[in-house]
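Paired with subunit B in one complex and with subunit C in the other, subunit A is shared by the two complexes that follow.
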Partner chain A sequence: MEKVKIKICSGTSCFVMGAAAIQALEFTPPEDIADKIEIVEVRCMNLCHNVNDKHNHGPFVYVNDELIEEATLEKVINKVRSILNSCNA
Partner chain B sequence: MLVPKNNASFMRTKILIKIAESFFADRFANADRIPLELRPKEMNPSRCCIYKDRAVLKYRCMAGMGACPEEETDELKTLKSYGEDALSREELPKSKLSVIDIACSACIKAQYMVSNACRGCFAQPCRLNCPKEAITMINGRAHIDPEKCVNCGRCHDVCPYHSIIKVPVPCEEACPVGAITKDEFGKEHIDTEKCISCGKCLASCPFGAIVERSQMVDVLKQLHETENKVVAMLAPAVIGQFPGNPKNLVAALKKAGFDEVIEVAVGADITTQKEAAEFIERQEKGAKLMTTSCCPAYYRAAKVHIPEIQPFVSDTHTPMYYTAELVKKDTPNCKTVFIGPCLAKRVEAEYDPNVDYVLTFEEVGAMFVAAQINVEESGEEEFSKISCAQGRQFPISGGVAGAVQALVGNKADYRPEKIDGLSKENIKLLKRYATKGCENNMLEVMCCEGGCVSGPGCVALPAKATRAVQNYVATGEQLTPETKVGEK
Partner chain C sequence: MDNSLFIEVSKEQCQKHGEDCFGDTVYTKKIPEEQRIISVLSDGLGSGVKANILSSMTTRMAMKFVESNMELLRSSEVMMDALPICQVRKISYATFSIVDSELEGKTRIIEMDNPPFIFIRDGKELNIKSRELSSPKWKDRTISVSQITTQPEDRIILMSDGVSQAGLGNPKYPLGWQRQGCVAYALKMIRKNPYISAYDLAHAIVREALDKEVDKQAGDDISCVVLYFRKPRKLLVLTGPPFDEDKDREIAEMVSLYDGKTAICGGTTANIIERELCLKCEIDKTSFDENIPMASTMEGIDLVTEGILTLTEVYRMLKEGIEKNKNNAAVRLANLLLDSDRIDFVVGTKINIAHQDPNLPMELEIRRNIVKKIFRLLQDKYFKEISVRYV
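Up next is the complex of A and B:
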């Protein structure tokens, strides 16, 4: 099965606002998803500049093609699990 | 301790970003909107209601502007006016950790409790091993009499069902020197005489009730409202704290308004040379022990809490001291800003006339976000002086001892030991080493477990930062006692 691709924005804004903590997936991923994910650090995707209102919704993370706003480690892990579950179903 | 990144720490970063944005937008004219923007009406409250959330946020903003919530005299004083104070003050307020009393949840006093996993067993080791006879069996279950209990934890250790749990007070448990205690209302207070400014309480409070005064606005003012030449001095732990390479970071800081950027690893090279020489000299005089002195939280702890170890603490100055000395010699009228992972450095800087301001990586990160500076896309520029491998390895546990070892070589018998993290246990250990002696003769003491890469002001994950620092060490030239540090 193809691995779930996690693209973590490493623009300064996302990084400072919490993407740094999501990198824990590289070091201590939950056992059930550890060998099923591929983590990629990507350059600033400019999503922080495209928001309509004046609030920055970073950090931004893509899990496969789905964008997660205000991403946290928990949100990313949950998304990965739901993708894996729907594949298994 | 709490995991390094959690809702309380994310909020602290957001507050700093908002304050920096408010500085850029209108010099705090609309700063009173910050708590409302961070807690809009439609959002679910974290505490009892959004109004209390906002009240707490206001206090946290005050600290972000450099004011101390404990010293509030008028509750109606606006954030705008705290911002104006920050912009008009010439002198820095004294660095201080303090508790926002309305945010402190007054956690119940640390205690052992019997959970419903208790089986009321026949052996009853809890009851028999309690030194104070505090445990009785009531309705087939163990019961601890809080009047008699002295929190020794023996019942917890002996229960075969692990049914006795310890409910700690996170800040009190984290503080290695007993500086934070409850008042008569159960709220926590920090005794500034005892506090070593390590920041462990701040990092551990699940309610985000502990704050320290930021100097970010003072630095923003230096960068944007004065003609002063401002020099950034980057602690060795900076490697890996921001995406991009060190040259990108130098360029980003210049974009942010700094005139020059120097690595404190250069000063760490000087510390290494002097500390190695000092070690050899002390050994020749028959000293049994020497400890490092570069961690300011440990330095203060030794002074206030471990007087036994004081004679063994190295007299060599810190990397920050030597770096600032170099900078002020080159450019006497500049303003120096130390940028690091550490809160205790603010206190050290108060005693060092060559260091004007201290910022954390988090605060610099907030300044970048507010100014929309993306480090990776800022181009590349050079540090004004280049460090060696030895100075670069200071921020990792074992790094300082290793650096000094390289310079001592075979000139003395060198047996290092690292004290990784200034916990209550390690303070006791240091006392024992000082009075009863120890097998080794060089102790490296770092207050933060893992080294400065785990400091309370860090942005990056310690594991990731450690790896980045190691890679950077590998690219450095070797320092020798003859190296003329700071000449290139």
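Up next is the complex of A and C:
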């Protein structure tokens, strides 16, 4: 089965809004998903510029093709688990 | 001025154990319009506040006199007359070593009572003949004057007696480390790394001197100044997207044609260069740090980092010291800056709207401001030659 791809924006504003904590996935991933994910570090994806309402919704993380706004480590892990579960179902 | 030498000047000091301030003073000044650098090291009699006052007065006076090309004997008489007389020893006293260097290569060294300077060329110590002068008024003081025509890769080392006498009282070094010990150590360091910076060499010498002391506690103020003459090392720092997108191509070409090292600070800036020069940029995970975004690698570019956070941290480290045990993007950038002599900043002035959001949890500096702070510090504290261009 293909690994779940996680793209974490490491632009300045995503970084200060918490992307650094999500990068921890790279080094200390939860055991159940450790060998099922692939982290793709990216520089600024410019998503913060594209938001329609004025406020920044970072950090931005893509889990496969799905964009998570205001991402947290927990949100990302949950998303990965739900993708893995739906594949197994 | 492109063919002239660059002089990297760096000092390291350690104060006598138990004292609140340095008894030795080092003062370096660059006079750009004369292409001249003057560096003064003075050791005040005794230690602590009194010595600090004596040596501070001496360096300031010596700098003024040398800068205005005043006659040497007369200058030193004025200095000795002006220094307050020590109540304990009944003499007015502070030593000095002065290096007065012109960038075309003419260098004068004027010394009184410090351990003689060390001159290193081609990996060996060269003995330089000096002329001795003394004033009829202060017969027991001899001033020695030496002259050298410097070449690229020459080094001059000044030290206070805290270096040569390091280890006195330690049974392993009954006579202290001595000047000759310091010479041997400096030559060994240079053999190991022929391009060792003045900053690293001065720090290594003081560290080694301290190592000789009983309990590694300085028995006297330990000071070392290193001047390293070299062909300038150039660095281009590109940070921020240009105000006008039409300039993207121009700055990319600037990067590809630059005759020195290059650093890019900023995600969007890196994206522009990646796109314009068709290069591939990849995150370098070995630079992971919780507080600083990771660096990236791009072919032909020496360093790629995030912008504002990294620059803010670089500014802090240039002010307070580089954290040697880290390898994050900011440490790499700070080392690259310190290792360069002539630094050309190209600063894109486009404002990143996303950074202006008041909900962001920490203060994000405006690029122009942080770059201005960095280059002033590089000029004033590290004597780098800086140019800045806003695009």
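FYI, the second predicted complex is superposed on the first by the 89 of 89 C-alpha atoms of A that agree within 3 Å, B and C clash if a C-alpha of one lies under 4 Å from a C-alpha of the other, contacts with A are read in each partner's own complex, and residues count from 1 in each chain.
Simple rule for what comes next: contacts are C-beta pairs under 8 Å (C-beta built on N, C-alpha and C of every residue); 3 or more make two chains touch, one makes a residue touch a chain.
These numbers come from a predicted model, not from an experiment.
Peer 1: Go through the superposed model and pick first if A:26 touches only subunit B, second if only subunit C, both, or neither.
Peer 2: After superposing on A, A:26 lies in contact with both subunit B and subunit C.
Peer 1: Quick one: is A:42 in contact with subunit B, with subunit C, with both, or with neither? Answer first, second, both or neither.
Peer 2: Only subunit C; A:42 stays clear of subunit B.
Peer 1: So in the superposed three-chain picture, is A:15 touching just subunit B, just subunit C, both, or none of them (first/second/both/neither)?
Peer 2: In the superposed model, A:15 contacts both subunit B and subunit C.
Peer 1: Touching subunit B and also subunit C: which subunit A residues?
Peer 2: 10-13, 15-17, 20, 23, 26-27, 41, 43-44, 49, 55-56
Peer 1: Contact residues on subunit A for subunit B in the complex?
Peer 2: Subunit A reaches subunit B through residues 10-13, 15-18, 20-21, 23-24, 26-27, 41, 43-44, 49, 55-56, 73.
Peer 1: With touch defined as at the start, can you tell me which subunit A residues reach subunit C in the complex?
Peer 2: 10-13, 15-17, 20, 23, 26-27, 41-44, 46, 48-49, 54-56, 58
Peer 1: In their complex, what parts of subunit B are in touch with subunit A?
Peer 2: 4-5, 10, 13-14, 17, 37, 242-243, 252, 362, 365-366, 368-369, 372-377, 459-461, 463-464
Peer 1: Using the touch definition from the top, list the residues of subunit C that touch subunit A in their complex.
Peer 2: Checking each residue of subunit C against subunit A gives 267-268, 270-271, 281, 283, 285, 288, 290-291, 293-294, 296, 306-309, 352-355, 357, 359-362, 364.
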